[in-house]
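Next up: the structures, one after another.
Here come two complexes built around subunit A, the first alongside subunit B, the second alongside subunit C.
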Partner chain A sequence: MAPYILARESWWITHMKNIQRNYWAYVIFVVPALLIYVTFYLYPLFQSLQYSLTKWNGINDPVFVGLSNFAKAISDEQFWVSFKNNIYFVLFSVFIQVPFIVFISIIVSSAKRFLNFYKLTVFLPCILSTASIGVIWQFIYSPDAGLLNQLLTAVGLESWKRIWLGDEATAFLSILLTNGWQWTGFYIVLVLAAIFAIPKEMLEAGEMDGATGWRKAWLLTIPLIRPVIMVTLLLSITGAMKALDIILIMTKGGPFGSSEVMASYMYKQAYTINDFGYANAIAVIVSLFTAVLSLIFQYINVKTREASE
Partner chain B sequence: MTFKKLKQAAPHLVLLPYILIVLYPLWFVILASMKNNTEIFNDPWGLPAALSLQNYRDALTNSYIGHYFANSLFIGVTATLSTLFLSMTIAYAVTRMRFPVLSKAVYGLLLISLLIPPASLLIPLYTLVKDLGMYNTPMALIFPYISFGIPLTVFVLAAFLKSIPNELEEAGVMDGLSTFGILGRIIMPLTQPTLVTVFILNFINNWNEFVMANLFLSNEKLRTLPVAIVAFADKFNMNYGAMTAAIAISIIPVIIIFAILQKQIIEGVTAGSVKG
Partner chain C sequence: MNKKMVFMLVSLLVLMSVLAGCGSSNSTAESNGSKANQSTNTSGENKSEAEPFEVVLRHIHIRDTAKQTLAILQDAVKATEADVPGLKISLDGVEDAVNRDVKLKAEMAAGNQPPIFSLFGGADTENYSKAGRLLPLNDILTELGIQDSFFDLREFTVDGKIYGLPESGYIEGFFYNKKLFEQVGASVPATWDELVDAMEKLKAGGITPIAMGAGSGDGWVINMLANSMFVALGGPELQEGFATGAAKWTDPAVVEAFKRIEFLVQHQYIDPNVLGLKFPQGQANFYTGKAAMLFDGSWAVNAITGESSTVKDDAGFFRFPDVGGKGDGYINGGWSNGYGFSAAVNERELQAVKAFIKNFFSMENQKRTLVETSQIASMKGITDIQGANDLIKTIGEAQGSAKGAFPAFDSVVQPQVKVALETNMQQLLGGKVTPEQAAENMQKVQDEANAASN
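Showing the complex of A and B:
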């Protein structure tokens, strides 16, 4: 009996192994997908690096010029305006949007009724397309018929009225608010899920020790949802670096470049000015800067976690 | 007693202004879409004098909106289904087959995508699409959408596939299934709920994508809805009635679908962030 079982056993193991180590199947499963990914993701990435070292108008042959496109960026004032706007975008997300998100989430989680209604309503904007949202907010900010100026007239603050998207002082801020309107609800739903995943016993134990209301939120809830707050911060930082469509739709970087971010400035260099070499150099800077920001963030994340433990 | 009531009402009082900020702009657009221009200026807050759908008629007859809808649907569905199919096979190979070294390399390649903002690939992609003769065809969007969707979809699917117990596959082998049979008959059916989630995630991204759709297609008839909405708004920028009607046409179907599939949509849209 026993040898027979052993033989069967070993046949079985090799057979199972053959199935799970089927080279041809592996190749068929992996290669087509990888081919598309490499062609339409990694290859353009590589090309972007290559073109960033050339002078190229998109038609003639590119001419190698070394790092001069990067030197150009450093001395280009308009580029620095767009760089600063990206920084403002990140700071706005980190120091205004995320605290607001956490605050609202805690409030929603304390509501006994209409929970589902709140969740659905706040989530709604993030499934609408940025195109629709951009156009809706263009209408809201529009000089005479727009909701915002009409509202200011209605409450007697006529002097506050302005051409929100046409004024250098307010154009970029108006875009930041629209972007906030679009994405806040998405993060609230993420944070809410984390709050509801906290074991009840933990919160009850905290309440017994006298932690209620905002004390409870500060001492218990926020430390317990730290991981999701970190995810929210990271996503808002990378989101701020990605933003391009909303700028193209609402202001095209104007007026006078005041609402330009690096990505939209890159777009302009390529498709308005036809300087593809410089545009690719800006693309490389955007990638590097995003990677550096993410790494700094990870570093701070690890350090503060160690400190809190 | 009253204190307790006040305490219960407090969160709602704080949330009310925020909810208004979210909903009122949408309501304002829908109201405006049923008014004519003079009404929009003189009575922005009130209900329209008569329930007039003239703006909608203008918006629909002045454009190929049916075309745009079909284009968006075709491109969105084709790209999403391809992404799902390709990601499923890759995720299966990486998590359930025994090629640890190769699989690590494949996973590593896909992880690169988390570091790169897609916007920075725009210009070389544009060149590539032109070189491949895809410019001004739906392929110009379908292939980039697939490749942008693959990494996150693989991550989400792989996270699920790792949790399937090995015994199920063994039972499949016992029944004489091949590698393909195991994937098709055992793994796929189990993965169905996750596939729905990633379908929604990818479809919404593709349906809403603007920058590439705007750049890679110049033929007016090939436009997708987001591009059409922006072009329409530019064209009618003083005719607020027609413009808001066009916005309403683009957002109302989305809101209705969201009302029906709320749970799946919320799960789908947030799936990427949790796993990524």
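Showing the complex of A and C:
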């Protein structure tokens, strides 16, 4: 038996070496994947870049206009409103949503009974489509018959009643809460899995040394699930940057553009105003900004890991 | 290492050329294909007329409320199929905004639009005709003898060529609840002062005077009211001048119109929840009797006389009251949605198109449009309107007694100006701008748009 396996292995090794020497083999293996990557990723990206330098209504021939679309974005107040909203979106995700997720996960993980019930409950919003969630929450925020205003009336807080989605001050926050409600469950399940994967012995050893309750969570659990928290953060940030559907369904950027994000503003420029050149310029800005944000995040991630090690 | 680099470069080049090859061979294959198709089609024609062929007809009547409109279309399709041997028309229903803003637009960009499709007049028709996608219909209309039958083809006409035919028309004005008006002792207003008087009485009686949902993406709802207001004050020629520079948004008539909108907001004559509601919700507040008036187009008749309405028998209509301006007596109305036809049709498809126009744009169908779907006809000459509901009759009278009609302002300005007015009117509703600021904002956008299109 053994010599046979050895022979096979040596066959494999020699052939591998041949393949490594034969560069055509590389090409044959790499080309299909590269082809797909180029056609569906690089090519559209470059095309977008190309159109961002033109004046184009989507139908007639594009006219080259240089960087004027980017200049337009810089002087466009409405664009800056949407840019700011994206920043709020990211900050909300990082500093409110993720800590909340970790907090809830730690509480749920220490539940002695009904664990599956809790898991199911927090995960439920995640199985609904964004479209249905948007519509459900529109009803909740509705001015007269809406659940939220009805609740406020019922507990005697009539003065807190708002036209939630129609008021500049509350529209975007209302969307952030809805978006948080939708995705929190998904991340909680991720974080929970990480918590349950921590070896029991480690936690028990910690407990013997006097780390219990929130001390245990802060000193043991959170450092041990750090990689998953980082993934959660990264997903939240990129999710916040590409948010579009929920905005289109709930407010379409209204009232008067105050809840617009860059993606929805891009959509409006393309499909309502027919300014595909400008829309492509915004798309390019969004890609660049997301890339920069991810790099900053990666930098902080590496730095803090070095510091903690 | 060097060898490797060279090799990688070579393989990249190979890849690129393969890709480029893909692209061009694809397009040649396609054009070959279509040529082949055409040749088989023509040879098919030579052999026998009845060789089956299919024509796609894109329409937007997919909602429950559009059932009757769809029925009229289906009957015309059947008649057309009977007229042209071998023809099978396949109906392709797509939601209106999806078709107008995404699907048709993409097809137009690629040049693979269906032979017959739902088309809007104004900017859409202009862009598509410039790209050479639309079939000019002048000769067909002359051949069928209906070249002078339509009320108004302005929105579908570019440089004297007609590129589309409206299915029906609309006019805009106030719907009102007769019962609520009676309850507070208000009468149907003919002037602005009378309107204010009526609204004050309604408000005093605890009734919301004007129902409106203009939140979210529905800023166009308040635009309708603003449009009628500034035309009433400044005359129909005012809005024609925005795009040419002959008129400005900062003209006194427009500023005064914006002031009056602000007046309606400040006195809470317009539902204070307006920015939290969408268009259908605002409409529903009227037809469930929660508010006394609704400024809307004649398309609202179906909802107001529909099954969920509680005001079916109490709804009336009056046109925008006189304000003492140059546009008094004019009514906002237009014929802007209908069918267009692809310029890329072949001989047999053209036959189908002709037969469809003949069968669809007939007096019989126009009468059915009025009686069965309660919409304004697009062709002249309907005399017998027996069976039409009272509300649409009232609307017809309002149209008849008007001095003339003017189209919605968005058919005569650039799209970004339309969006800017939505934003500014929403801001006015939310108390975020003054009428003067709004006017200046508008003129700024108009100037930019005018500069860009020159």
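Everything below uses one rule, namely that the second predicted complex is superposed on the first by the 267 of 309 C-alpha atoms of A that agree within 3 Å, B and C clash if a C-alpha of one lies under 4 Å from a C-alpha of the other, contacts with A are read in each partner's own complex, and residues count from 1 in each chain.
Assume a residue touches a chain if its C-beta (ideal position, glycine included) is under 8 Å from a C-beta of that chain, and two chains touch if they have at least 3 such contacts.
Computed from a predicted model, the values in this text were never measured in an experiment.
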| item | value |
| --- | --- |
| Touching partner for A:V155 - first (subunit B), second (subunit C), both, neither | neither |
| Which superposed partner A:G254 touches (first subunit B, second subunit C, both, neither) | second |
| Contacts of A:A283 with subunit B and subunit C, given as first, second, both or neither | first |
| Partner chain(s) touched by A:L165 [first = subunit B, second = subunit C, both, neither] | second |
| Subunit B or subunit C, by number of subunit A residues touched | B |
| Subunit B versus subunit C as contact partner of A:D144, first or second or both or neither | both |
| First (subunit B), second (subunit C), both or neither touched by A:V231 | first |
| Touched partner set for A:N60, first subunit B, second subunit C, both or neither | second |
| First, second, both or neither for A:K242, with subunit B first and subunit C second | first |
| Contacts of A:P125 with subunit B and subunit C, given as first, second, both or neither | first |
| Interface residues of subunit A shared between complexes with subunit B and subunit C | 26, 30, 34, 38-39, 58, 142, 144, 271 |
| Residues of subunit C defined as touching subunit A within the complex | 4, 7, 11, 14-15, 18-19, 101-102, 105, 108-109, 123, 127-128, 130-131, 133, 215-219, 272-277, 281, 415-416, 419, 423-424, 426-427, 429-430, 432, 452 |
| Subunit C-facing residues of subunit A, complex | 23, 26-27, 30-31, 34-35, 38-39, 55, 57-60, 78, 141-144, 163-168, 250-257, 268, 271-275 |
| Subunit A residues within the subunit B interface of the complex | 15-17, 19-22, 25-26, 28-30, 32-34, 36-45, 47-48, 51, 58, 104, 107-108, 110-114, 118-132, 134-140, 142, 144-145, 147, 150, 154, 181, 185-186, 189-190, 193, 231, 235, 238, 241-242, 244-245, 248-249, 263, 266-267, 270-271, 276, 279-280, 283-284, 286-287, 290-291, 294 |
| Residues of subunit B that touch subunit A when the two form their complex | 8, 11-12, 14-15, 18-19, 21-26, 28-29, 32, 37, 40-41, 44-45, 86-87, 89-90, 92-94, 96-99, 102, 106, 109-110, 112-113, 115-128, 143-144, 146-148, 150-151, 169-170, 173, 178-180, 182-183, 204, 207-208, 210-211, 214-215, 225-227, 229-230, 233, 240, 243-244, 247, 250-251, 254-255, 258-259, 262, 265-266, 269-270, 273-274 |
